[in-house]
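Okay, structure first, notes after.
The letters A, B, C, D, E and F name the chains in turn, as written, and every chain counts its residues from 1.
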Amino acid sequence: MPQQNRGQEMAIHQKEHQDNETRFERGLRALGEIDGHGGQQVVDSLADIAPDFSRYLIEFPFGDIYSRPGLDLRSREIATIAALTALGNARPQLKVHVQAGLNVGLSRDEIVETIMQMAVYAGFPAALNGLFAAKEVFDVAEPS
Amino acid sequence: MPQQNRGQEMAIHQKEHQDNETRFERGLRALGEIDGHGGQQVVDSLADIAPDFSRYLIEFPFGDIYSRPGLDLRSREIATIAALTALGNARPQLKVHVQAGLNVGLSRDEIVETIMQMAVYAGFPAALNGLFAAKEVFDVAEPS
Amino acid sequence: MPQQNRGQEMAIHQKEHQDNETRFERGLRALGEIDGHGGQQVVDSLADIAPDFSRYLIEFPFGDIYSRPGLDLRSREIATIAALTALGNARPQLKVHVQAGLNVGLSRDEIVETIMQMAVYAGFPAALNGLFAAKEVFDVAEPS
Amino acid sequence: MPQQNRGQEMAIHQKEHQDNETRFERGLRALGEIDGHGGQQVVDSLADIAPDFSRYLIEFPFGDIYSRPGLDLRSREIATIAALTALGNARPQLKVHVQAGLNVGLSRDEIVETIMQMAVYAGFPAALNGLFAAKEVFDVAEPS
Amino acid sequence: MPQQNRGQEMAIHQKEHQDNETRFERGLRALGEIDGHGGQQVVDSLADIAPDFSRYLIEFPFGDIYSRPGLDLRSREIATIAALTALGNARPQLKVHVQAGLNVGLSRDEIVETIMQMAVYAGFPAALNGLFAAKEVFDVAEPS
Amino acid sequence: MPQQNRGQEMAIHQKEHQDNETRFERGLRALGEIDGHGGQQVVDSLADIAPDFSRYLIEFPFGDIYSRPGLDLRSREIATIAALTALGNARPQLKVHVQAGLNVGLSRDEIVETIMQMAVYAGFPAALNGLFAAKEVFDVAEPS
């Protein structure tokens, strides 16, 4: 590895070291703010199969990514709802993030618009199944 | 079909009829605003293989979906960039929409954050390939 | 936009204008012919979450695409059954289109052949899950 | 394993035994008829990395599936073109099967219709990329 | 077809001919060893919809692929569990192969590690859904 | 959050704290051991678009996952090669991991077997494209 790369890596490493105490805590806070009970239920359900995966789930997605300052949480949830709708194979997680979208201030209409738009990029079945998942969340959520 | 459904459908039909003159024009305007040259190039490239598909592309995604009032264009481009990154099999369209994101006012940082977040939902390779596609667009775009 | 392109677009626009009155009606007729009750149930189920999406579903897939003369409905249903089996993440829509295939004159054998062939292109699990979805439809369909 | 299942399996086994001599030959003939040079090039290109895979490719997809009587080759190619367009991650194979479609008697229009229809089930980018792949094949194919 | 290719093909054909009597039987034995009841149930469930597909399922995946000497069954099951977790649209087959992994000697930990690793390549939702599928299998499996 | 859950989380947090100093370093070492130059090139190529993503790439996949003791590196590379072949939309990463497989001791035959097996789970095109990617790596790798 060339010298200048090592320097860059050391700087990165320093940053990591300094932030590290709060990485899990930061993730836990973000998880609570974003996914609420849905997120916690996922973490709990991992306890007897893959407890370390709970830690990764809190640390990387929530402690690292969602906690970054460059994009607000409303935009982050739009991105996640869009992606999970388009992928079409992660219904439980889509439902958690439809609720998360409501939690961080998206309106039902904004969520529905995001999902409908996926008909363009992933086809009508993906959008339909996304809308039905959202409907299930809306039906049990408090009225908006 | 029950009576009340027919009524609902007639109302929908009325709405369609009334908006219809501007559907193609509205799509063309949205396409220009959002995708700029990238979108037009796609349309042109369809001329000798599937000219009707140009019309559908202008009418449904742009005339119908992007023109809807319920979600601003910045959010719509975040959704599209997220979905195309996650799907990982539509690099040309992802590049068009990274440029589109810049066109409608997203910063490079916001685009990069959106793509990075996809590592959580579609894996690191999808995020990496999305970042490299964005880099190609940024390298030829005017400095932000 | 160059002059000659504008001309082409105007021609396209003319065509749109002229066909437009029947776009929703044409879609509704095609939907009835192809998907029967299955399609209508999907439309109904959207009423309280995304009513406009019903309109798009009738207009674009059925009014625009399925109504085109260049490919017969039997071939269109083979294409759709193949694609939904291969994608493997849209079981409800696959079941609707297995029924649709029967409606437009495909035999059970032709549907089974189409799904089995997907083992080659999308793997055995996709084909197996497609076959099981078809079986559920056949079990409640009238005897062929 | 219960007795009656063994009987069923023996019957299946008998059928296999009896057809077996022609399985590779049948596949080779079907491959030639359907994919022409495209198929043979794929087989050749496997010679120094996975020669047995050539055999499987000839035997299972072509010797077993495409040789079955229950669906004509035109329909089989529509199914394959649809699926490969929808999956969107197998451009070389899609091109081989666009040529194969022409070989077994599909018109360019029928192929274009099949691909366009995938916008409904897998999104516009998948359909666009499918159309561009088809265009490359049409550009070097003999005029239809 | 050039002469040298024909020679190569004849050699391949010879090999096929010679192995052929045991292809179905070999597959049946491998299926029993690997998937146990899960595999047999799949085969049985095809009886009244696509009986020939049972034969292909036994012959190609199990008779051809799993019976090859170049990779041990533990590694093959790791590959399959990884792929089915990553694809995320074949839960029944993933469960069959989690059990298959136990059958051929993988520990629960090794299976969990394989699935967790998929968070890197296919995202956290795919890994989570894979872990939950594995949990269902472990809960009814004999204690390891 | 109930008391017992908090206790569990504190324990997880302790573990994180204690391991944390070496997380980036551990990842860097694992990256070197596994992906060699390929991994480093990816990290370098991120420097001017998303430098933080380099850190995440080193920390989570390599520092967290590949460094876990429960599965040997040969098995981990089989899992990754299988998944990337099956997904079929991450050719650059598949090539990096074919090389990584060689680096950690997999034979060319074992890699080829893993990829061929994906024909069963993700279809022949995915397997073919995986084999061709492997061939490109083998052609420039030192003779095995």
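Just so it is clear, a residue touches a chain if its C-beta (ideal position, glycine included) is under 8 Å from a C-beta of that chain, and two chains touch if they have at least 3 such contacts.
Computed from a predicted model, the values in this text were never measured in an experiment.
Looking at chain C and chain D, the chains that touch each of them are A, B, E, F. Among the other chains, the CA centroid farthest from that of chain C is the one of F. In this entry, B-D is the pair from B-E, B-D or C-D that repeats the interface of B-F, since more than half of their contact pairs coincide by residue number. For the pair chain B and chain D, the fraction of shared interface numbers is less than half, so the two copies use mostly different residues to meet. A separation of 22 Å divides the Cα centre of chain B from that of chain C.
Note on chain placement: the centre of chain A and the centre of chain D lie 39 Å apart, centres being C-alpha means.
If you average the CA atoms of chain A and of chain C, the two centres end up 32 Å from each other. Residues of chain B in contact with two or more other chains: 52, 56, 60-61, 65, 68, 84, 86-90, 93, 112, 116, 118-126. In terms of which chains touch, the assembly is arranged so that all chains touch all other chains.
The touching residues of chain F, counted against chain A in their complex, run 1, 5, 8-9, 12-13, 15-17, 20-21, 23-25, 28, 40, 44, 47, 51-52, 54-56, 59-60, 64-65, 68. The residues of chain C lying in touch with chain D in their complex are 60-61, 65-66, 68, 70-71, 74-76, 78-87, 90, 93, 109-110, 112-114, 116-122.
Contact residues on chain D toward chain B in their complex (touch as defined above): 87-89, 112, 115-116, 119, 123-129, 131-132, 134-135, 138. Contacts from chain B toward chain E in the complex involve residues 86, 118-126. Of all residues in chain D, only 42, 45-46, 48-50, 52-53, 56-57, 61, 84, 87-90, 92-93 touch chain F in the complex they form.
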